[in-house]
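Presented sequentially are two complexes of chain A, the first with chain B as partner and the second with chain C.
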Partner chain A sequence: MRKALPSILSVISAILICFIAAGLTRDFGTAVDAFMAMWWGAFGDWPKFLETGASTTLLRPLGEAATKAAILTFTGLSVTVAFRVGLFNIGAQGQLVVGALAAAVVGAKVELPALLHLPLCLLAAAAAGALYALGPAILKLKRGVHEVISTIMLNWVAVSLVDNWLVTGPLRATTSGDNSASGTDQIHASAELPRLLGDLSRLNFGIVLALIAAVLTWVFLTRFTRGFEWKAIGLSQDAARASGIDVERGFIEAMLLSGAFAGLGGAVLILGTELKYPASLGAPWGFDGIAMSLIGQGHPLGVLAISTLFGGLRAGGTRMQLFGVHKSFPELIQGLALLLVAARMLWDKLIDRLSPRKPA
Partner chain B sequence: MILEILSSALDAAPALVFAALGATLSERGGVVNVGVEGMMRAGAFAAAVASLAMPTPLGVLVGMGAGASVAAIHGLLCIRWRSDQVVSGMALNLVMLALGTFLLEAVFSSPSSTPSITQLPLVFGRSPLTWLALVLPFIVHFALYRTAWGLRLRAVGEKPQAVAAMGVRVAPLRFGAVLMSGALAGLGGAVLSTSTLDRFEHHMPSGLGFMAVAAMVFGRWTPLGAAGAAAFFAFGNALRVGLSSSAPELLEVVPKGVLLALPYALTLLVLSLQGAKNVAPAALGHPYDPELR
Partner chain C sequence: MIELRHITKRFGGVPALEDVSLEVRPGERLALIGENGAGKSSLMNVLYGLYQPDAGEVCFDGQAVKVKTPAEALARGVGMVHQHFTLVPTLTVTENVVLGREPTSWGRLDRARAEKEVAATCTRFGFQLDVSAVVQELSVGSQQKVEIVKALHRGVKTLILDEPTAVLTPQEADELFAVTRHLSDEGLAVVLISHKLREVLSFSTRIAVMRRGKKVAETTPAETSPEQLAGLMVGTEVPSPRERGEGQGEGPPLATLEKLTAKGLHEISLSIREGEILGIAGVDGNGQRELAEVLTGLREWSGGTFTYSGNTLRSWNPRTAREQGVAHIPEDRLRRAIISDLSVEENVSLGRQTRAPFAKGPLIDFDKRRACTTALLEANDVRPRDPKIRAGGLSGGNQQKLVVGRELDAAPKLLVVVQPTRGLDIAAVAAVREQLRDQRTRGCAVLLVSLDLDEVMELSDRIVVLCGGRVSGEFGRAEFDERLIGRCMLGVGSAPHPDPLPASQGEGDLSA
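Up next is the complex of A and B:
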């Protein structure tokens, strides 16, 4: 609990600061309305539901929230597993981009029954992301290149090559006719993530995958020898090496898993909502993963929880526009929360002062 | 043709040169600065908004101040509270990205840009900031390698304990470098909104901050190297833009995306050939804790 407290306080303060900002730029009545709209848009419009009894007032917002939460969970897990061995994977964005592209290409160019097609797409995305993350790991081990720098560079290499060349050039949608196609070809129906509630909501299988991934990661990191070894490497490479742990292998494996998670995030985005690699991915999901991982205190279930919250706020954020508050507001809350979490020492001091730690 | 490209490179380079110099100062002092992008954005926005109410040269100063204020948050987090420096930088990027969009919408009710301002007056046919960008790398080089302050700053980036043992305080030195870094990044952003264009646009600085970090690494953490790399990247950009209008058939052979990726790919290549371990400041990324020796 003491460990989670800084995150909770940070998120609450971030929301408060943003509420005041909205109140000052509009007025406080509007700010309250806008925040309520965001909340109902995030987690279901309960008052309207009780009034009309229409289930779509609940299911539609929840579906939107869940699709966004699934992507955030995957990129958050990506950053988290790399952190576990002490590597800072800023490259989740690039790995997500190549993963998304792989999913879109396999989804559109390959024809298979759904039972095989969807897993193949997911596998392709995970493999693409993993391979893209392998580069920084090898550069770090062989040439001593800091992973923060190499992953930043690789992000821009991926974005430039994919968004400005492959998607507008060789892989551009071939379908001609009245619909002006941007992005790549539509994926086949057999590659789509199945919708859980049919036409009632866009809720798809992605959130289930994210849930499974988070729980499995948690079990792996806390209950398996290899997970413990990763933690040891992250705490001290020298100590880990001295106790016979293969540090190099840990780095490679953790980065592969990290890249695979980011790639899967891209796959969930493409196979669940976009259904093709679009002209623009919309949000810097990979960078958001950094926020999810850190606010979630590097705990897989914490990442899941915080991704659910911000996935919801983002889904609800679009409704704030009705009140003249820009839809990027949830991103502002998220950024501030990350900034406040970064000031970890400040919170620890504050909490220690308010309730002194019992001497061990 | 070549002259035209050189000329447009001269107009495009200053933003990148200032930001790269800023990043270099901060990192030579041992504080990682991946928040350049956010600081540039703050500078670009503040300069454009301030120039609505005051003469544009003053607006540029406000832009520098805005960059420095963002850097002050970075400094507080990294130096005072010993936070992870990469996290702080990335968080500032995220905050500035969203804050810029929010303020644009809240203050100007426009999702795309601020109203137009009068651009900086030209000096000898170019923006005065272009001339400054030609001189400043040498000034920073001199300050870093020929003054006592520069020696101390470099030492603080390599071995802060040694500097502390000499009786020089580490935190103020680092804080100063971070503030200057932010002011320079803010200046780089101000170039975009007061010289390159005549307003702040919602996508600014569209990745230039990260390109500045690439230039710093490419230039091996030295002011002249960083500025040279920044000029080189700017020239590459100008060449790409020039080619797309004058020789579009060439872009069929070498796609635009490949050219866009080139600065980053080159930086990565240079890094992997030389190995970064002995180039980057030794204490880079490590908060200074006086109790650790």
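Up next is the complex of A and C:
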């Protein structure tokens, strides 16, 4: 709990600072309205629900929040597992892009019963992301190329290749009767992530997958000897090697898993809400994963919690526009929170001072 | 004059210093001795402004002063050189020395002036240093001199050296003491934190002994003896080392190298037998480290053969080595043996993390790991006995006890030990040596690398001398002779070879 405190305080302070900023630039009445709108838009509009009794006022926002939370969780986990072995995977964005494309292509071009089709799409996305992350890992081991450089560069390779060529060129939608279509072909219904509440909300199976992934990662990292070996590698390669741990294998495994998680994030985006590879992915989900991992302090469940919060705030952020406040405040809060977490010495001192002194 | 008056300092309720008073007088060489954790470093950290005392005061020339930061200590003329250097490896000697108070002209570093000033400081205090050399290219001994010059350049009047010889070769240590003698002649006070009695007795003008956070005695070298000091430090009589005892005799060779060549090693041929301690003697950097790395699977070889347990090895890495019963107590425990940010119990499982009792299938066996660690801490007297704390929070001596305990707990067939007693206090040294002998008695093959020739001669059944990555001599127990071995270490003539070498030169390199 004590470890989570700096993150919690950082997020709260970030929200407060943004609130004050909004209040000063507009007026505080509007700021209160806008931030409340964001909150209701994130986690269900309870006042309206109590007033009207319409369940969609709760379920619709929750659905949007969960969709975004799922993607953030996956990219956050991606950065987290690589960081466990001491690698900084800045390439979650690129891995997410290739994963999303793989999901979109398999979802549209392959015809199978749903029971097989959906898993195949997820598998394809995970594999594409993993393979895309394998390159930097091999380059690091064989040639000593720093993974930060190679993964960053491969982001732009992925974006250029996929967004600027494949999706607008060879893979562009061919479906007749939809001339305005941008992006790739629609995926088949059998590849869609099932909606948990039917037409009431876009809430889909993606958040369940994210939850499972976070819990499994947590169990793996803390309960399995292999997870322990990853931690040892991340803290001291030399000592890990001298202890008989295969450091190179650890790097490869962690990068594969990292890429797979990013790819799955892309799959959740495509198979859950977009239903095709769109002209634009909407947000730099992969880069946001870095923030999720850092604010979540590299703990899989922390990443899940933080992703849920920011997924929600982003879903609700659009509602701020109703009050003339720009919808980018959730991103602003995220950036500030990250900054404050990075300055954690500040918190450590404060917490030390406030915590009850042990009897000397 | 500096006085520490009735200093008390606690960490989380545990007293590290209890009512300690100490004077530091100009022109003296004060040795502060005690076992690991006796409070020597803590006391000096109070003086240097790193710790704030819970009670008591620090007085400069009779005036009580609160020293809150090392910067304030420096301003009052107190400098400290730590065991771990604080130099920027890629900068030159001058740049390191002036760092933080650079002479500038127009906002730029005035290099010429800086070099002149630093060179002047070096000359004044008798340091021979190339002020424009890049620090990372200097030897450890020279880097330490840079640290000292850095303090002197800031005009310190009191210089604290925290276990300065732990990282030095005997020759470098002699040089260091010569230089510090010069400093005290110049009127500076030098405080030496140490637990090496021999150097304390030859170096200091006054000795303060600490034990468990208290000052237990103050004396001078003339009034005391190593036995008395050891007794004061430990609090009881130190058991004199048990008779060396014959090795269990000549077991079959367990590991044999034949004309093995690797980076740093040239056509090494030697064999290590079960039930013997094979000592490796040599001046630092002559292939000892590389030999240990080959045996433990950390270094590949390019030629020759390595036979272990009757099998000629083709591939050998730390994992296969450990699976086949090789244990390793490396020289640099913080780099290779201990991971500071892991807990003590996690560190205990390192090396056997995938095997019983630390694993249950693919899972960590938390209960057995805890039980195992608790037993190991007890058996090896590691303090505090808490399996959950960070290993980095243990003192150096306790970390080493942890490593030794862990490696021996695996009941190894081959034990590769490099500098096992470096930085340990008397009691711990005696314990480690005892354990190595016990391993031999048990039938383990022990390879002991040490720069301390006395240690090698005391423990080994056989000695192989390395020089320039080659075997330059081999001695059976009956042939042990400091002078002859020393000559092989220097690579002048192989043993036994009565060559009229000036005795002084040989001795100089041997006085470990």
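Simple rule for what comes next: the second predicted complex is superposed on the first by the 352 of 360 C-alpha atoms of A that agree within 3 Å, B and C clash if a C-alpha of one lies under 4 Å from a C-alpha of the other, contacts with A are read in each partner's own complex, and residues count from 1 in each chain.
To be clear about the criterion, contacts are C-beta pairs under 8 Å (C-beta built on N, C-alpha and C of every residue); 3 or more make two chains touch, one makes a residue touch a chain.
Worth saying up front: this structure is predicted, and the values here are computed from it rather than measured.
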Fit or clash between chain C and chain B when superposed on chain A: clash
Touched partner set for A:T168, first chain B, second chain C, both or neither: first
Chain B versus chain C as contact partner of A:G244, first or second or both or neither: second
First, second, both or neither for A:T225, with chain B first and chain C second: second
Which superposed partner A:V32 touches (first chain B, second chain C, both, neither): neither
First (chain B), second (chain C), both or neither touched by A:S160: first
When both partners are placed on the shared chain, which of chain B and chain C touches more of chain A: B
Which of chain B and chain C A:V110 touches, first, second, both or neither: neither
Partner chain in contact with A:S236 - chain B first, chain C second, else both or neither: second
Partner chain in contact with A:R143 - chain B first, chain C second, else both or neither: first
Residues of chain B touching chain A in the complex: 32, 34, 73, 77, 81-84, 86-88, 90-99, 101-102, 104-107, 109, 111, 207, 210-211, 213-214, 217, 255-258, 260-261, 263-265, 267-268, 271-272, 275-277, 280
Chain A contact footprint on chain C (complex, rising order): 10, 12-13, 54, 296-298, 317-323, 328, 330, 335-342, 346, 349-351, 353-354, 358-359, 362-364
Interface residues, chain A side, partner chain C - complex: 223-226, 228-229, 231-232, 235-236, 238-246, 358-360
Chain B contact footprint on chain A (complex, rising order): 21, 25-26, 88, 90, 139, 143-146, 148-150, 152-157, 160-166, 168-169, 287-288, 290-291, 294, 324-326, 328-329, 331-332, 334-336, 338-339, 342-346
